[in-house]
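Listed next: structures, encoded as structure tokens.
Next, two complexes with chain A in common: one pairs it with chain B, the other with chain C.
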Partner chain A sequence: MGIQIARPARAAPALRLPRPLARHGFVYLFVLPSVLLLLGFTVWPLLRTFWLSVQDVNLVRPGSEFVGLANFRTQLADQTLFWPAVWHSLVWTVGSVGGEYLLGLGAAVLLNQPLRGRGLFRMLVLIPWTVPIVIAAMTWRWILQPEYGIGNVLLVRAGLLAEPVYWLGDLSTALGATIFVNVWRSFPFYTITLLAALQAVPKELLEAAAIDGASAWERFWRITLPHLKGVSLALIVLHVVWTFNNVEFIWLLTEGGPLHASETLATLVYRMAFRTFEISEAAALSVMMIVLLLLVGGGYAVLGRRREERRTT
Partner chain B sequence: MTSTTWRRWSWPVLLAYACVAVLLAYALFPVLWMVSTALKPTPEIRTAEPTFVPSRPTFEHFGLVLGQSNFLTYVRNSLLVATTVTAATLVVSTLAGYAFSRFGRLPGISLAGVAMVLGQMVPGVLLVVPLYITMNNLGLLDSLWSLILTYTTFSVPLSTLMLKGFFDQVPTEVEEAAQLDGCPPSQVVWRIVLPLAVPGLMTTALYAFVQSWNEFLFGYTFISQDDRRTLTPGLADFIGLWTVDWGALMAAASLAVLPVTLAYLYLQRYLISGIATGATKG
Partner chain C sequence: MDRTPSAITDILRGAASRRRFLGRAGAALAAPAVLAPVAGRATAAAGRGQETVELEYWWPVAANNADYANMVAVLDAFQAQNPNIRVNAQTVSFEQLENRVTVAAQGGNLPDVVWSLPETIPTYQRMGILADLTEQWDAWEEKDALYEQTVAGITFDDRILGGVPHYLGIRAYQYHADQFAEAGVEAPPETWDDLVAAGLKLKEAGIPGFGFCGQSVRQPQEVIVYFWQNDLDIAVPTGDGTFRNTWTDNPEELARATEVFQFYYDLMHTHGIVPREAASWGYTELDTNLAQATIASAVDGPWMVGYEDENPETMADIAFAPIPYKRTPATFLEVAYQVTFADSPHPAEAWEFLRFVAGREAQAMAAYVNRSVRSDVEAEGKWTTPFMDLVPQGRAWPQIALGQISQHMIDAFQGVLLEQSTPEQAATALSEQVNAALEEQGQA
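Showing the complex of A and B:
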């Protein structure tokens, strides 16, 4: 969650000790295990992805061959899987994060009101976030099931639907239904984080504005929301990255189906690697995703720095 | 809650409570429905007129899950993985977190700190393919060690940053005094700093445990032998196994979710403040 990459590390309280390296040898030993793990199981695999992406490797037949950028060209020319997946990734990410933020913010504002039982409500609203994705997926598959699923039963009974809908199995609703489930599971994290930020909004400012005749809506829009900007930006960037790269939700709800109707880039990478064994194509897709991630991260760093500058000048 | 000003019943207050009711219904209904389904006999589940409260509650589905499936094997495997990962993460992150907190300016150490921050941002889907190949080369596929190594690597960066935040709050004067009294530096950590950072260690342990307990993708990919499956991929297999037996599926889901949810609710305060510490002080 350390999203402040661009900012130089804050100076830690240093011990006033003599400085020869021999004295600090143990510090390097302390850091060694974590660095080895990171090198072995994060850095090396990433480098390997780059290497795989310019080769022709398939898990079911041995050997490999250097093919340059051919894998990238194949992907970019693919109108049946690649480009629809790009579009689905975009819809999935924007829909999920947008829905989560709005719902999370709404719930945070609501639970920041002086209501009796507020502490309990805050605890209960966190529950969806504690449910493992597998279980969230199982439960919602049951709720959205076309025959006896309670979701359909209630909607039909309320007169909102003429007949039950196969939400996760219909070409037109599959992606929307997965977004809905993702929003349900993820919004509490926004609520809890934004609640903490709401409590840091200076009360004097809100009171002064109220005395000056600002309406509740104006106070929210002009005072509260600007105070939430930093937290919101961090939350959104973090979740854009998480959501864009999430395989579990979609894989467990629809496996990217029906007929790839909910296939995103992330599930496509997984499918290519472990269902059709096209390792190199999967690696090429991964490299494109890494580039996109770096763009998002870089954009966030620039935005963060600008905010910082504006604050200091 | 401390400074709650209790207003009289008025329309805005009633409206707020109504909104809270809707919000909680939305958040909690699926979980309650899961438990309700698990407790119903099959004819009550497969009906066009379902009721919320089971009219004849039964534990038959729980019996099926516990007695006639590998559920308990999955739980055992998950416990094994999660406790090992937690222990390993605590050792590795304590050492690194302390080094970053006290000696973050030494050449190379600050670089490793930046690497930690970046490392935790790398998404799993980009690592699952190359790590599968690595584990294959190491001969660790179908071994719980593949998961232990992977999960430890994934939980170390944030744990390290969280612990660094906790160590930053332990005053250095205590350590200086101990060193002046002749305590060697390695002992200072063990005897002086660690006891002061126990809340931080608890938070980190919970984070590492829940992370590996809930992880799905790598467990699903690296392990194919049924008796080595961990809980989350095992549950996903049930979907295929008991396609229409929703009572059994929901019983398995209930059994798997309750311990984690209760632990979370009990410890949420520590966890969230810990994550916030790691996130803001990275």
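Showing the complex of A and C:
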């Protein structure tokens, strides 16, 4: 009598997940909230902005219609607000970032020296960065007032000015004064970041160069500065983006005035969206700003890749 | 009577500890997220078995505002009479109120009630977000006690939209009497020419005679008065809810509009009565300069009383007169409104609140008695009578959305004051820009 072996009942087919999901399911689960946040708070608003830019929407007029690129053409043809704002944005961004970098680097080099009370100075230099923007702007508005501002009083008493100047209210000085205040507030961030990078410059290299007779300037130019290149590039690109998009500081200091003399693209977008309710034109301006900043970001990526290639060859 | 005081008023009276307040604040922040899906914004009043409705209310009254305690007292009085309504007041600055409402309207999360300036009402009406209160208004017994000019701002085609007036900020000519006396100016100026004459005497005495705003929300409010005084308006109704600026249609009107720009230019440049910096002054600079007697006079509001504490010496000689005029006396009525919206989930409670703040009891309280919108509330005093006497000549904005138009007004006057354009060029450009804006807004 042969032995019969019972065949096992066929098991129900198990739910088969796609291989990547099966292997990394938990990873996707953990990433999901970030992806959802990104989609909800970045991608969706961006898509909405693009959509609005090709519509004709004014919040105080019911209805909307598709107008294609008309809003872009309107802006590009606007010689009174758009093109001056483009110029002011460039001056504001280059002036601010350039000033911040130079001042930040100078302060970092000084604070990297074996000074007495260096710790205290390092702490003090951070103060402008820690002051909230609103308070900094209000304080500087007061300091720069011609009638009762302490800044003008000191400059006149020191003989540097014949009479008080309305720095934030004059067509020729408003943008410059705004840049000055922005530089004052932001340079500590550069100082602290560059100071950290300076401390990573190999001391033996500097000592060897000194023994070989290199002057202090040559050591700085040929050894220190090249070591700061990576940090500097990242700092500058980040601050170009932040400064180009900055609304609050200019708005709090001058509201883009007088007569739009300190109006940048960012403040123009704010003005159009929330003061004059020209939402579609504001969206078109925003899209143009995004494109400009993508070009800056793209340039940074290209530079970074070239640097990486040079390093590996 | 049962009272349901707010957390803010508790703190103000010292009845709550900071920890308790922070606890409440934390709970208040967390509560909407937890409770909203379950019960909307209504919560059960513990121990009473009665529903408490929370009215979300945005107002510009900050804790450091001189009127804060008085305004909170109004909320307390309302809540004392309406224990089932809790007013959750959130402070939003004047500059941000319109922005916040605009954004909230787009997101569909408007509060129940917002303190609103007159120039925002037509904008909200154009956005279609205001509640139609015509029925409640018609049934309200006290409505006839409100000044007619204050009701005009919420009347659209015989319907009452949005809210009720609750606060009157009338502009008057304010001057330092001692400085005038020192310069030999015997009486405040009555006309534009008088203002120039007085300013020249003050200038001889080394005192800047007058000041105005070159920008900020106050600038259009100031210059519109001079257009009214020269028998013009920034836009006139043309029927069916449309408007038009008619200056360029009529050479006489254009000449009168040009006169207004010329008047501003002359005050600053020809006569040197107004400091050149005023071309870029906002309301903070104007008020501060008047309070510190850096300028001898300005057109300003009753809120200047708030500067007396900080500047007791320089504010001691402040005196008042009607605003100097050209053809027709006029002043700006800054009527603040309490506004509710069509999508408010608590229309009955919101109306209850609106009716209360415009009612006689609230208007007789310290917060409003000097600036009441009601003709049956009378008060006397240095900071009351001179302003209330000007109500008959008071005017308000035409019912147009002012966002773009205000900006054009600021640009036009700054262009003249900063010598970038002539008065006639500015008048012509402003007229054309106003009509273009009206067309873009669908109001032409």
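To be clear about the criterion, the second predicted complex is superposed on the first by the 287 of 313 C-alpha atoms of A that agree within 3 Å, B and C clash if a C-alpha of one lies under 4 Å from a C-alpha of the other, contacts with A are read in each partner's own complex, and residues count from 1 in each chain.
Please note the rule applied: a residue touches a chain if its C-beta (ideal position, glycine included) is under 8 Å from a C-beta of that chain, and two chains touch if they have at least 3 such contacts.
Only a predicted model underlies this, so the values are computations on that prediction, with no experimental measurement involved.
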Clash-or-fit label for the pair chain B, chain C on chain A: clash
Chain B versus chain C as contact partner of A:170, first or second or both or neither: second
Which superposed partner A:116 touches (first chain B, second chain C, both, neither): first
In the superposition, chain B vs chain C on chain A residues touched: B
Which of chain B and chain C A:274 touches, first, second, both or neither: both
Which superposed partner A:179 touches (first chain B, second chain C, both, neither): neither
Touched partner set for A:153, first chain B, second chain C, both or neither: first
Touched partner set for A:108, first chain B, second chain C, both or neither: neither
Clash with chain B (superposed arrangement) - responsible stretch of chain C out of 8-16, 44-52 or 62-70: 62-70
Chain C-contacting residues of chain A that also contact chain B: 145, 147-148, 274
Chain B to chain A touching residues, read off their complex: 1, 4-7, 13, 16-17, 19-20, 23-24, 26-28, 30-31, 33-34, 37, 45-48, 50, 91-93, 95-96, 98-106, 108-110, 112-134, 149-150, 152-153, 156-158, 160-161, 164, 168, 172, 175-176, 179, 185-186, 213-214, 216-217, 221, 232-233, 235-236, 238-239, 246, 249-250, 253, 256-257, 260-261, 264-265, 268, 272, 275-276, 278-279, 281-282
Sites on chain A touched by chain B in the complex: 1-5, 9-17, 23-24, 26-31, 33-35, 37-38, 40-46, 48-49, 52, 107, 110-111, 113-116, 118-119, 121, 123-128, 130-143, 145, 147-148, 150, 153, 184, 188, 192-193, 196, 234, 241-242, 244-248, 251-252, 266, 269-270, 273-274, 279, 282-283, 286, 289-290, 293, 297
Of all residues in chain C, those that touch chain A in their complex: 98-99, 102-103, 105-106, 123, 126-128, 214-216, 275-277, 279-282, 285, 288-289, 292, 294, 401, 403-404, 406-407, 410-411, 414-415, 418, 420, 440-442
Residues of chain A touching chain C in the complex: 58-62, 145-148, 166, 168-171, 174, 255, 257-260, 271, 274-278
